[in-house]
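Below: a set of structures, written as structure tokens.
Here come two complexes built around chain A, the first alongside chain B, the second alongside chain C.
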Partner chain A sequence: MNAFAAILGKDLRAELRTLQSLPAMTLFAVTTFVIFRFGLDRTSLSGSLASGVLWTTLLFAAVLGINRLFVAEREEGGFDAIRLAPIDRTALFAAKAAALVVYLLVLEAIAVVAFAFFFLDSAAALPPLLAVMLLADLGLAFAGTLISSMAVNSRARDLLVPLVLLPLVVPLMIAATGASEPLLAAGGPGYERFGTWLAVLALYDLIFGLLGYAVFDFLLED
Partner chain B sequence: MTKAIEVNGLRREYGERAALDWVGFELGAGQSLVVLGPNGAGKTTLLRILATLLRPSGGEVRVLGCTLPSEAWKLRGRIGYLGHEPLLYRDLTGRENLRFHARLHGIRGERAEARIGELLAAAGMELRADERVAELSAGMRQRLAICRCVLHEPELLLLDEPDSNLDAGGRELARALIGPGAGRTRVVVTHDPERALPDADLVLRLGVDGRAELEPGRAVAA
Partner chain C sequence: MYGKGLRPLSIATVAMLTLSLSLVFFYAPLDADQGFIQKIFYIHVPLAITALIGFVVGGVFAILHLRSGDSRWDAYSYVSIHMSVIFGVAVLITGGIWAKASWGHWWVWDEPTLVSFLIVFLLYATYYPFRYAIEDRDRQARYASVFAIAAGAFVPLNFMAVRMAESLVHPRTFGTANGGLPGEMMLTFLCCLTAIALLWVTLVKFELTAKSASGQVKRLRRALDAPAPGASSRIAPEVS
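Right after this comes the complex of A and B.
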């Protein structure tokens, strides 16, 4: 727990100081909404289209942060420091995933407001959408941390993360858009199969959380 | 004398090329081994294997009573490693970096602050400790890296060019922290035999063919 807190605190402090990931993620999301706004030439979106636009944008914005997640460890020797310390190495996995969840929550706090401003007639869908986002963020963080740790040693890191991650998060995106679609329906939020989709998201989180816990130690070996 | 390191028939290959080929030596507790050799002779490879950061391709390696690589986990926290990279995060200050490493090694609270203060004073870094590492000169970073290396009072020091980037004053300060004496067991990789040999109990000369020759240290200096 001590190592987890130390690594998470270090990452958040460095991000606050340098703002290397969050501004890029947020700017990407807001700019994409503007492009959708004029590309679709619609002032209002609902149902599956609204859900698709929201989650596609959030996913690609998240990839920007996932790409950079382990860069400091790779370039400044953090991997060696962790491997030399008397700690459970999965603390690094947990701390990086937690840092990514924090980034995603901050991103969504801004991006969802922008989305509502551009496309929604009412903000009634936003409170229940929070539960979907929390579960989807966890899954994205677990899968993203795992893939980022594998890709960081490659010179083609920027290419590898989207190529490997995007197919892996297809089930997560299906569940997140499925849960969000009735919430964003025209005429106010509905809850059709909402619980089922949340259960699928939770299952995805569990699978990738356990997978990361099981294999991360091996990924740090030379 | 208790054996701190026992190496027999050590090999490490990178593809077809053997960086280390049948290297063998024993080092007693409290002794210093100086490793010499031209560029590409495998000096850093040897040090990284002893630090558990690299797996040997073959041979037997025992460090502080632990067989590598199977018992590498038992060595975590017992080795002080000073490599080419300082293992310091550029966007944190020197003091923040040392606090981070102290937490990784389970040193917390007042004990950590006292130890960090003591080391910063010993390295002549008190006045620059609250500046970001990115803003420090290479020599200052090396002083901080030395503090980081001995922060947890390791039983074995593995030092790769410990004097690099240090001025004469810095070298003297570093000697107090990582020099011979006080029962320290040390393996020192260097390109500066004139400075290192007087402190050596043993000298290991590595050749570009991966072969090694072992000689008594002080006799060589004489």
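Right after this comes the complex of A and C.
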């Protein structure tokens, strides 16, 4: 637990001081919304179109952050330090996933508000959307941390994360867009199958959380 | 060492395939709705089932590899996934033909089984660039195993999510309320499934034998100080 807090604190502090990932992610998301505005030639969005635009943008912005998640560890020898330290290696997985969840929440705090200003008529959908985002972020963080920790040790680092992660998060995106679509419907938020989709998201989180816990040790061996 | 039993296995596979195909064309009744084109079902569905099980089997071999550290299991896992990807291409092609003939389109989106299979196929297609990107052999084997395990767990999850998102066009052949297949069709189908599964096992064994033979040749050449002709694969694991 101490190791977890220490690594998470280190990551957040490093991000605050260098601002490597977050500004890029948010800028990317907001610019993508502008591109969608012209690409779709719409000034307001609702229903499936809105949830599709929102989640596609968030996912691609998240990939930017996931790409950079372990770069400092690799370049500054953090992996060796973790290997030497008398701590459970899973602490690194948990701390990195937690850091990623924090990044994603900050990203969403800015990007979703921008999305609402740009495209939505009312903000009524935002509070229930938060529940969807929390669960989706967790799944994205688990799968992303797992892939990122492998990709960072390869030759094609920036290529491998989007390549492998995108098919892997398809079920997550199905559930997230499925839950968001009625929330963002034109006539005010609806809740068809809301609970079911949240359950799918939670199941995805559970499976990839357990998977990361089970296999992360093998990724650090050398 | 991998070649042991290969000949009887190959003969059994060919015999089973012959038997199944003759059952398909001469024994199984014509489908009342779809007529002759429905026969592709006996190839398409067993191929799909075998490919999916092959992916999961690759994941199980990967677990064995991580637990034991024996690189032989990595080779098993690699070959299983490799063969299932090839079967997957065949599934997508036969599926497209069937869809064109019975629904009028090569591809139908509101059809969960097709879409799930495509997603699983796309994920496993990234297995090759993934392996290729990692240079160190040991690390490549370990990471590939982690990939295979994660993807193996992903297969059922993905099928569930896609099925929930979609409607019901695809024929639910088994376990539907009105009874599934008639007896002759079921028998033919089971024969085909066995034949295709045998084919998969045989091909996996052939691939492992070939890999092991070329590995031995390479070692002998090294012992004789003769340079190996051509570059060997950087993705495929070496088999001893």
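The criterion applied here is as follows: the second predicted complex is superposed on the first by the 222 of 222 C-alpha atoms of A that agree within 3 Å, B and C clash if a C-alpha of one lies under 4 Å from a C-alpha of the other, contacts with A are read in each partner's own complex, and residues count from 1 in each chain.
Throughout what follows, a contact is a pair of C-beta atoms (placed from the backbone, for glycine too) under 8 Å apart; a residue touches a chain by one contact, two chains touch by 3 or more.
Given the structure is predicted, the values throughout are model-derived calculations rather than measurements.
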Thinking of the overlay built on chain A, is A:202 touched by chain B (first), by chain C (second), by both, or by neither? neither
Hey, is it chain B or chain C that touches more of chain A? C
Of the two partner chains, chain B (first) and chain C (second), which one does A:126 touch, if any: first, second, both, or neither? neither
Which of chain B and chain C A:178 touches, first, second, both or neither: second
Tell me the contact category for A:6 with respect to chain B and chain C: first, second, both or neither. first
Quick check for you: in the superposed arrangement, does A:102 touch first (chain B), second (chain C), both or neither? neither
After superposition on the shared chain, which partner residues are touched by A:87: those of chain B (first), chain C (second), both, or neither? first
Let me test your reading of the model: by the given contact rule, A:76 touches which partner, first (chain B), second (chain C), both or neither? first
Per the contact definition in the header, classify A:14: touching chain B only (first), chain C only (second), both, or neither. first
Touching A:219, do we find chain B (first), chain C (second), both, or neither? second
If you lay the two complexes on top of each other, which residues of chain A touch chain B in one and chain C in the other? 221-222
For chain A, which residues count as touching chain C in their complex? 143, 146, 150-151, 153-156, 159-160, 163-164, 167-168, 170-171, 174-175, 178, 196, 200, 203-204, 207-208, 211, 214-215, 218-219, 221-222
Chain C contacts chain A in the complex at 66, 119, 122-123, 126, 129-130, 132-135, 139, 142-143, 145-147, 149-151, 153-154, 157-158, 160-162, 164-165
What does chain B use to touch chain A in their complex? 51-55, 76-77, 79, 81, 83, 85-92, 96, 100-101, 103-106, 108, 132
Chain B-touching residues of chain A, taken from the complex the two chains share: 2-3, 5-6, 10, 13-14, 17-18, 72, 76-78, 80-87, 221-222
